[in-house]
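Next come two complexes built around subunit A: one with subunit B, the other with subunit C.
So, the complex of A and B:
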């Protein structure tokens, strides 16, 4: 069994309630920091832990906190990004639903570190029932003296507010999130200035993911150095992976970042292999925005090394032969799945979710969806594949926020690795409506299970 | 005021010095000429504008003298401040030119081809931009996006199909008028300018939305279909006005005032906003003190005959003809059947067609 730091207690009956959570050692990290540590000490522990942001970009959290501007007399804010809307990603939801106090505890400790007296949880609007769970947890924490004025007599004040979004993926982008939180239209801001200098209401702000902030709890409890012993290389600690697609055991798994992709897919402790005795065709390892990889590049890198479930290994080979750990939305495709259809469906999502303020994303996502619809429905032409390649290239890197890139990358990767499947859709328009392309040469024969 | 150190910035190999805080675009405008990136959404007199259209993307080849690393992605020159020792590439960088062509293509795929009936034609930034960067054929083979027409009031005509989402008009409404009555609704490719619950935008100074619109999405209802801009002649004029500076361009034909707009500078930007009274209600020559022909330095059809410092084009015909001096280059009678002396056009019943000119075997 792999070691767990976040979900180790989810099996305990009633852990969602304050009393059970507290009996099992909950809120000890708040006691520890408020009684024995300075805010900078907390930041230093997080720096030592090597924790990287779990929201997708993997930016070192301690460093982000260190960048925070601290002008006199200006409030600072901590905002927890619980907007989780990336297709394939459902780990934050699981954590908040099952062990909400872990997030609240992490938020109090992190608020202390960054000096935020008003901390916000911006939560995806569709998670209405989780808003209730969190508000319940906040009320319990407050009743027990973990929130409010002068917590534990330390002089530190902190309040946590839950703010539900209104159904826009783009509001997960940190600056769009801040706009939305301020009550404005959720358009990403033009950076610089970054939130660390000018964030919520123009004040220095840290935006972190739910999992990132929850991980601060074990880091404080065990110490940054100890935490850094988990995982491998620059991928320290554990990571929540939400696994879905054609696997035997879809669900949320906490993995230590030292296992291989093959083990994750085939081991019964995790995904338990491909469902229905089928073979693995492809995988999107980090949420819909990251490049799709064919089986042969998924399990081994282009250099022939075993691909690991770590930030570095999954991105080994860059976008030519690698992908990204991203947000940990692990989508597995078996031999019956159609890459063109999948790409079309992703492009539909991005078209729908673009905020529309910058032209390459607004028009490009609209155009790509149309071309992909044609290709998927047997109406495409060979030149459409090149056109699609060109359009995604004109979006990538030219937009205000990374949603444009996120829309372009999956299309680029699908064409890069599965071009023959696109061509087959063009040359066999009718057959493509009846059956899927299958495996072709994408997958090496694999042993079943590890 | 203590002397401030100026920042040195090099754009397309031309170096200039600007005050700290200046954007790359403004530095380029200071240099002038072809190296100025096109700007479709930025508007210097509107706070927070810019960054959206992405036509002004440039490459920062060297971040600053202190940190010479290049910026990995292209940056929006309208919203990026220069650093001391920055080196910028615009038209000298292939990646920039390609990205810009891509952006222009994106702006055009859903833009209607209704220039012949569009009031903005002739003074349209998108038209100018597509001459410079557009392809002569479209790669977009789908039906263009359209929106339901919406009446936004007595003065301003909204053609949402033409809009490029520069957001300038929302900044005008925020920064110049009492209250913003319209905004951007919905998102992505369906985002649109609207008043939501059909409201009339008629608060004072709202007419400036027309002047800042880079395309024909917002046009002046009092000028609608009245004339083509290139037939009218812009005159500098002013009047005593209690609400605004009263400094305008009158777009005249003969003695008739067809349209009143704010005065635009060489970058198409208005500095003295005008009130709705000056714009819509003062359409008589007697309302104004006319200063003289406006000096247009913009490269556009509206500048025809109004160019400041216009150079007469070189007469290259004698050179091409190499000493020959024919009266007419080609005798049209030889090539066109229309001039067949055997056909009496007055005898043809109804409009003449190609059939009329078919050679008859006699």
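So, the complex of A and C:
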């Protein structure tokens, strides 16, 4: 069994309630920081832990906190990103549903570190029942003296509020999130200025993911150095992976970042292998935005090394032969899945979610969806594949926020690795309506089980 | 004239109090959710104008937000709204068949409402339940691991509770 730091207590009956959570050591990190540490001490522990943001970009959390501007007399804000809308990703939801007090505890400690007296959880509007769970946890924490004025006599005041969105993937992007929290359309802002200088209401703001902020609790409890002993290299600690697609055991798994991709897919402790005795065709290992990898490149890097579930290993080879750990949304495709169809569905998603500010993204996602629809429905031509390649290339890097890149990357990777399958849709338009392309030459025959 | 009840007005006050003084525009998204719930499941121009006056905003500030976010309905919907996820991970688990099946059962296409006003079928983009696919949103909750049998049960359940409430 791999070691767990976030979900270790999830199995305890009643852990969602304050009393049980507290009996099991909950809120001890708040006591520790308010009684024995300065805000900078907390930031230093987080720096030492090597924790990297779990929202997708993997930016070092302690460093982000260190960048926060602290002008005299100006409030600072901590905002928790619970927008969780990247296809394949459903880990934050799991954490909030099963052990909500862990997030609240992490928010109090982190608010103290960055000096936020008013902290917001921006949660996607569709998670309506989780809003209730969080509000109850906040009320319980407050009734027990962990929130409010002068917490534990430390002089530190803190309130936490839940703010629901209303259906918009783009509001997961941190500056769109802040616009939305201010009651506006979710149009990302031009950076700089970064939120650390000018964020919510023009004040210095830190935006972090749910899992990132929850991880601050074990870091404080065990110390940053100890935390850094978990995992491998610059991928310290544990990571929540939400696994879905054609596997035997879809669900959320906490892994220590020292296992191989093969183990994650085939071991019964995790995905339990490919469903229905089928073979593995491909995988999107870090949420819909990251490049899809065919089975052979997924399990081994181009250099022939075992591919590990770490930031470094998953991105080994860059976008030519690698991918990214991203948000940990792990989507597995078996031999019956059609890459063109899935790519089409992702393009439709990004077209739907583009905020429309930047023309490359607004128009480009529209055209990618249209071209892919034609290819998928047997109406495509060979030159459409090149056109698609050119459209995605013209979006990437030409937009205010990375949604454009996120839309372009999956298309680029699908064409790069599965061009045969796109061509087959053009040369066999009728057959492509009746059956799938299958495995063809992409995947090595794999052994089932590790 | 539409108006929130005293109780709902108190709730609006509480929402506004979450934000710093002078920043009550931040309350717009949550108050629009409340208004949609209270005033028939959608945001009519009258409802939006009312929310604008409550929060001291220009009506355009409300319209531009209401038209941006997918959860706000800008036309009337049925009593029960089925929003079935159609994004990649759900496709791998058969969401296409489920959408087709619900459409056949209700005799409507995505985007339509049954003539009796009971059901609206919509497709949705990723709802963050990929491991429990296929799935749909219904009201405040999710219905996950959908099968044809489960869909039948849900439809029956809705019909029953609508009959009791009438």
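Just so it is clear, the second predicted complex is superposed on the first by the 450 of 450 C-alpha atoms of A that agree within 3 Å, B and C clash if a C-alpha of one lies under 4 Å from a C-alpha of the other, contacts with A are read in each partner's own complex, and residues count from 1 in each chain.
To be clear about the criterion, a residue touches a chain if its C-beta (ideal position, glycine included) is under 8 Å from a C-beta of that chain, and two chains touch if they have at least 3 such contacts.
Note that the structure is a prediction, hence the values are computed from the model and not measured.
Chemist: Which partner does A:270 contact after superposing on A: first (subunit B), second (subunit C), both, neither?
Modeler: Neither subunit B nor subunit C is touched by A:270.
Chemist: Have a look and say if subunit B or subunit C is in touch with more residues of subunit A.
Modeler: The larger set of subunit A residues in touch belongs to C.
Chemist: When the two structures are overlaid on chain A, which partner does A:146 contact: first (subunit B), second (subunit C), both, or neither?
Modeler: Neither partner.
Chemist: Tell me which partner A:124 touches in the superposition: subunit B (first), subunit C (second), both or neither.
Modeler: After superposition on chain A, A:124 lies in contact with subunit C alone.
Chemist: Touching A:84 in the superposition: subunit B (first), subunit C (second), both, neither?
Modeler: Once the two structures are laid over each other on A, A:84 reaches subunit C alone.
Chemist: Considering only touches as defined above, state whether A:400 meets subunit B (first), subunit C (second), both or neither.
Modeler: first
Chemist: Which of the two partners, first being subunit B and second being subunit C, lies in contact with A:365: first, second, both, or neither?
Modeler: So A:365 only meets subunit B here.
Chemist: In the superposed arrangement, which partner chain does A:27 touch: subunit B (first), subunit C (second), both, or neither?
Modeler: neither
Chemist: A:353 contacts which: subunit B (first), subunit C (second), both, neither?
Modeler: A:353 sits against subunit B and subunit C alike.
Chemist: Does subunit B (first) or subunit C (second) touch A:387, or do both, or does neither?
Modeler: In the superposition, A:387 touches subunit B alone.
Chemist: Identify the overlap between the subunit B-contacting and the subunit C-contacting residues of subunit A.
Modeler: Shared contact residues on subunit A: 168, 185, 352-353, 355.
Chemist: With touch defined as at the start, can you tell me which subunit B residues reach subunit A in the complex?
Modeler: Listed in rising order, the residues of subunit B that touch subunit A are 50-55, 57, 73-74, 76, 79, 99, 102-103, 105-107, 109-110, 139-140, 142, 145, 164-165, 167, 183-184, 186-191.
Chemist: Looking at the complex, which residues from subunit A come into contact with subunit B?
Modeler: 168, 170, 185, 190, 351-360, 362-367, 370, 387, 390, 393-395, 397-400
Chemist: Touching subunit C in the complex: which residues of subunit A?
Modeler: Touch residues, subunit A against subunit C: 75, 84-90, 93, 118, 124-129, 161, 163-169, 180-186, 201, 242-246, 250-252, 284, 288, 329, 331, 333-334, 337, 341-342, 345-346, 348-349, 352-353, 355.
Chemist: Within the complex, which stretch of subunit C touches subunit A?
Modeler: 18, 20, 23, 25-30, 32-33, 57, 61, 64-65, 68-72, 86-89, 91-93, 125-133, 137, 139-141
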